[in-house]
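A, B, C, D, E and F are the chain letters, set down in written order, and residue numbers restart from 1 in every chain.
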Amino acid sequence: MPFEPVILFFLLGAAAGLLRSDLKIPGVLYESLSIFLLLAIGLKGGVELSRHPVAELLGQAAAVVAVAALIPLAAFPVLRRLGGLARADAASIAAHYGSVSVVTFAVAGAWLAGRNESAEGHLVVFLVLLEFPALVIGVLLARGGNAATPWRRVLHEVFAGKSILLLVGGLLIGWAAGADGIRPLDRMFFDLFKGMLAFFLLEMGLVAASRLGELRRAGAFLLAFAVAMPVAAGALGALTGTLLGLSVGGAALLATLYASASYIAAPAAMRIAVPEANPALSIGTALGITFPFNLLLGIPLYHSLARHLQGVPA
Amino acid sequence: MPFEPVILFFLLGAAAGLLRSDLKIPGVLYESLSIFLLLAIGLKGGVELSRHPVAELLGQAAAVVAVAALIPLAAFPVLRRLGGLARADAASIAAHYGSVSVVTFAVAGAWLAGRNESAEGHLVVFLVLLEFPALVIGVLLARGGNAATPWRRVLHEVFAGKSILLLVGGLLIGWAAGADGIRPLDRMFFDLFKGMLAFFLLEMGLVAASRLGELRRAGAFLLAFAVAMPVAAGALGALTGTLLGLSVGGAALLATLYASASYIAAPAAMRIAVPEANPALSIGTALGITFPFNLLLGIPLYHSLARHLQGVPA
Amino acid sequence: MPFEPVILFFLLGAAAGLLRSDLKIPGVLYESLSIFLLLAIGLKGGVELSRHPVAELLGQAAAVVAVAALIPLAAFPVLRRLGGLARADAASIAAHYGSVSVVTFAVAGAWLAGRNESAEGHLVVFLVLLEFPALVIGVLLARGGNAATPWRRVLHEVFAGKSILLLVGGLLIGWAAGADGIRPLDRMFFDLFKGMLAFFLLEMGLVAASRLGELRRAGAFLLAFAVAMPVAAGALGALTGTLLGLSVGGAALLATLYASASYIAAPAAMRIAVPEANPALSIGTALGITFPFNLLLGIPLYHSLARHLQGVPA
Amino acid sequence: MSVPIARCTLLTVVCEASLEDDLVADLGTLGATGYTITDARGSGAHGVRDAAWPPGANIRVEVLCDGRTAEAIAHHLEERYYADYAMVLFTSDVGVLRPRKFAP
Amino acid sequence: MSVPIARCTLLTVVCEASLEDDLVADLGTLGATGYTITDARGSGAHGVRDAAWPPGANIRVEVLCDGRTAEAIAHHLEERYYADYAMVLFTSDVGVLRPRKFAP
Amino acid sequence: MSVPIARCTLLTVVCEASLEDDLVADLGTLGATGYTITDARGSGAHGVRDAAWPPGANIRVEVLCDGRTAEAIAHHLEERYYADYAMVLFTSDVGVLRPRKFAP
């Protein structure tokens, strides 16, 4: 079975969009599903955390975050010089690729589970930690440190933003309640997770299809960037994970995190903080190309990278 | 137990409507539930299909579709001559009754399951195949073949329409993934199916109650038609299913398909293709009378017809 | 574990509100969840009822309702004289506290289940019976019996209102279908109950946080009332339950019902029947103070009251 | 290709969603031939109404009618609801194709 | 601080939601440079449309354009849809900051 | 039965939904006494915004106020948001019952 079945829902949504079907996922369903997914991922991570001493993670977490900062810092000059993009656009795209996609992470988790392969549960903590530093870096890159950035507003947007709030909230609830306390909620948050993910991917397929038109404005450079960037970042992630002693599954998940581009938290934050950046460019590449690329090809690729780095046979 | 319990939700909704309760099911919930039901039915059928060689079904499917074409072709002259309806109205109503109701089919499936009776899984394929031919026939009947029908638009409305797209999409996903691949989605799409159906029926009860007023315009002829037509079509279905060698459950399901009248795909297509037809007439009869008739009396009736035709004791 | 985990979702919602997060629960999700919770609680009660002869409950039910009428009748003069509130405001608040909160009841049930403690299933019937008398009493108190009250309109609002309709409808369906008939719906209505409750509490936390500002207008008297009233009513409930021979769990649930203040049915009914009452006062106290008080402190308190009254060790 | 445009009054009411049923009944009684409603949120003298839950939701109601009917409706709403409910009301002059449609 | 305000026509259409795709296509053809749509419910000559399910839902479409375009759109809608669909249409005179934006 | 109707300005803004919080804050600062918001979708110079997901959703904001306040708001929005955001703005003249309610 080459594909994880939930990916087929993405393809169905994309087909519906391209066929100009009258299928429309109500915006409210999108919002409800994203609340569900963020909370569920947080809860899962929290339950995992409650099983381990948190202190042990601190070093690993610091390394994971520090290395990840290289992604937007490397992407920015590439986008500026090779791509000839305006400062704001380059900074905004760098922020999107430096941050992470919660749904790509969830699909990678499902893909591993489908192969009966396990991964360290605390990867969810890294997901939370990786979401926001790139957004701050992106704003700094756009402003060059000088102009009047509404920092209070931006930091509030990031930290009180829906994504971080629900992920961290879920993490804390899962950690406080532990596996036993959460059990009565398992039927909702864990058993239905994959079904909800399937619905969300159906919706993202529809949205991605409607963004394809905007890619014409993006040009060949950005199309290439949208594939090369995740591969490079994924390789960095597989290496980092391996050096930090993660399992193959864990390194593949970290690679997926590095490779993924945010399209929930980043667009919201960049729209407020760097409004002069054209959102069609960043969302078009992140959602229109990188997201399906990671779903269809990236995840297996990062996994086999991790496997090779750790010398594990297929 | 005379009723399948989900039917009680329909009655509750209808009671709420008649009591002018302030209970309102948000339109978005209706849309979300119908996406769920269409996808879930498609998936179920696809999983069944993946167990059988598709080629064997072709002959049966052709027969089922050909016989079903008799329904709108017979209904049209009855509505025109006996009912004295305008050409467009007669054609539109014929299309509604020639097409099928996904929810009636789902309730019949639940009713059979409640009696521990099985039916051929590929009936879902017939559901998909029966949805659209009657719509095309209805348009032809309305236009008499001559006037300027926006065929491109109509065919697009039918084939890229939400119903067909989700049913066929679900079918393909279920077929590609097979029972094992779909298993992680079972909790969502199969375990919750009946609960979602209950909610949908609650909503349909509310809508049906609000349509009763329009039936006054319909007159005695249409009221009689809305009961006689499903009984006649149901008998034809029970006979066809028996001749094609279906089990009692399968023949009862096929009878239910023939007897049911569409109120999701048909209203949408007819509104575009035959706008001069009065939707109050077709929706009023299909949803206000035929749908509850089938739920409460039709399904057991078609089942006992199938039983008698196959000489099976109760 | 001091808290029932679902309460943590309330706290998360309240935190999001206080942090002015952009997290917004769509209004439609709120409505969908409340339909689910009301129906599910009704179904659960109906299944319980189908196991017992209904006649035996009549005496108990009459006593429970009669004693409960003391709550608004006692609250009104306190609010009028001690609080110096206008007649309409005092009457409306009395109606809110005399009626019951379905969600508080559900959390108390979950809290008991988390301690593996059982309670009489027919408490749900009392929930239904306790919802409306206080609303009628509130209107009478506001009008002093003389002015032109739109009684038809008010009674319709109460009895055809969403809350009563779904609770009673669920009760009847559960009672008619019995445990076996409802089984195929268990996955939806019972297994997911606690997860849905968690989502609803997240939303209520957000709403409650946004109501805190209005409490400034309420003044110290109302703040004290919002804590003292549930404690007094809870003690009355624990005593009544014990005298009627309920188990500790049952008496604790009855105490919770008496102590809880309505914020679904009462606001809707009072807005129509006593429009000159300021809804900020009644909703601010009921939802902003009494609801979280009951969740965090009240339920364990009423339970230990019931335990002491029945001489059961912890 | 010229479409004759006649003048007509558009009355817009923004108020608490809980008034919907009563308002619709009133409109019929007062001679409106139709209405259009959208869900809304907002802020005004009665504070922020953010539609996060039903008691905090608004609706926005539009009625096309002749000037006299608009005046009657405005008068009635002011009498009946202004004291106790969050409500705002304004009128404007619009052009319609078939003015008969909007006269009682 | 003065912003020069120019005159422009606002055309508002309330109709069955099933017309949305066709209507949007028509608007483009007839020279509108944009449109705004909100979901609505209502009542009129075609009875109550309460948006409880898709066939009973309305939309409310606004188009800012010059008078000539508004007339062309109104004319087209009347020809094409009035006979068979629930639809209401009205125009009003509004002020805009950049009138060029709304001319074809 | 005559209701005295006074003149007032209705300012309508259609823009990206992500601006809601900022806009509401601006309105308060600039002297608006209230506002009404509905969710919307649409199309314009910034392409189709179909509200299929949050970054593609619009809102439609109405403010009743006096002419001077409307001008101040329009001026501010043009300065602050026009360059970078999808936004359209128009004003019209309406009649209200209690003009005081809408003056700062």
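As a convention for this text, contacts are C-beta pairs under 8 Å (C-beta built on N, C-alpha and C of every residue); 3 or more make two chains touch, one makes a residue touch a chain.
Quick caveat, the model's predicted, so the values are computed rather than measured.
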Co-neighbours of chain F and chain D - touch as defined: E
Contact-graph separation of chain A and chain E, given in steps at minimum: 2
Mean-CA-position distance for chain E and chain D (Å): 19
For chain B paired with chain E, centre-to-centre distance based on mean C-alpha positions, whole Å: 35
Chain centre separation in whole Å, for chain C relative to chain B (CA means): 41
Mean-CA-position distance for chain E and chain C (Å): 46
Sequence positions of chain E contacting 2 or more other chains: 38-39, 92
Sequence positions of chain C contacting 2 or more other chains: 22, 24-25, 28, 31, 192, 268
Touch relationships between chains, expressed as pairs: A-B, A-C, A-F, B-C, B-E, C-D, D-E, D-F, E-F
Complex contact set, residues of chain D against chain E: 1-3, 5, 8, 10, 24, 33-39, 64, 92-97, 101
Chain B-touching residues of chain C, taken from the complex the two chains share: 28, 31-32, 35-36, 39, 156-157, 160-162, 165-166, 169, 172-173, 176-177, 181-182, 184-185, 187-189, 192, 268
Chain C to chain D touching residues, read off their complex: 24-25, 27, 30-31, 203, 206-207, 210, 214, 267-268, 271-272, 275-276, 279-280, 283
Residues of chain E defined as touching chain B within the complex: 16, 18, 22, 39, 47-48, 50-57, 81, 83-85
Chain B contact footprint on chain A (complex, rising order): 1, 5-6, 8-9, 12, 15-16, 19-26, 28-29, 110, 113-114, 191-192, 194-196, 198-199, 202
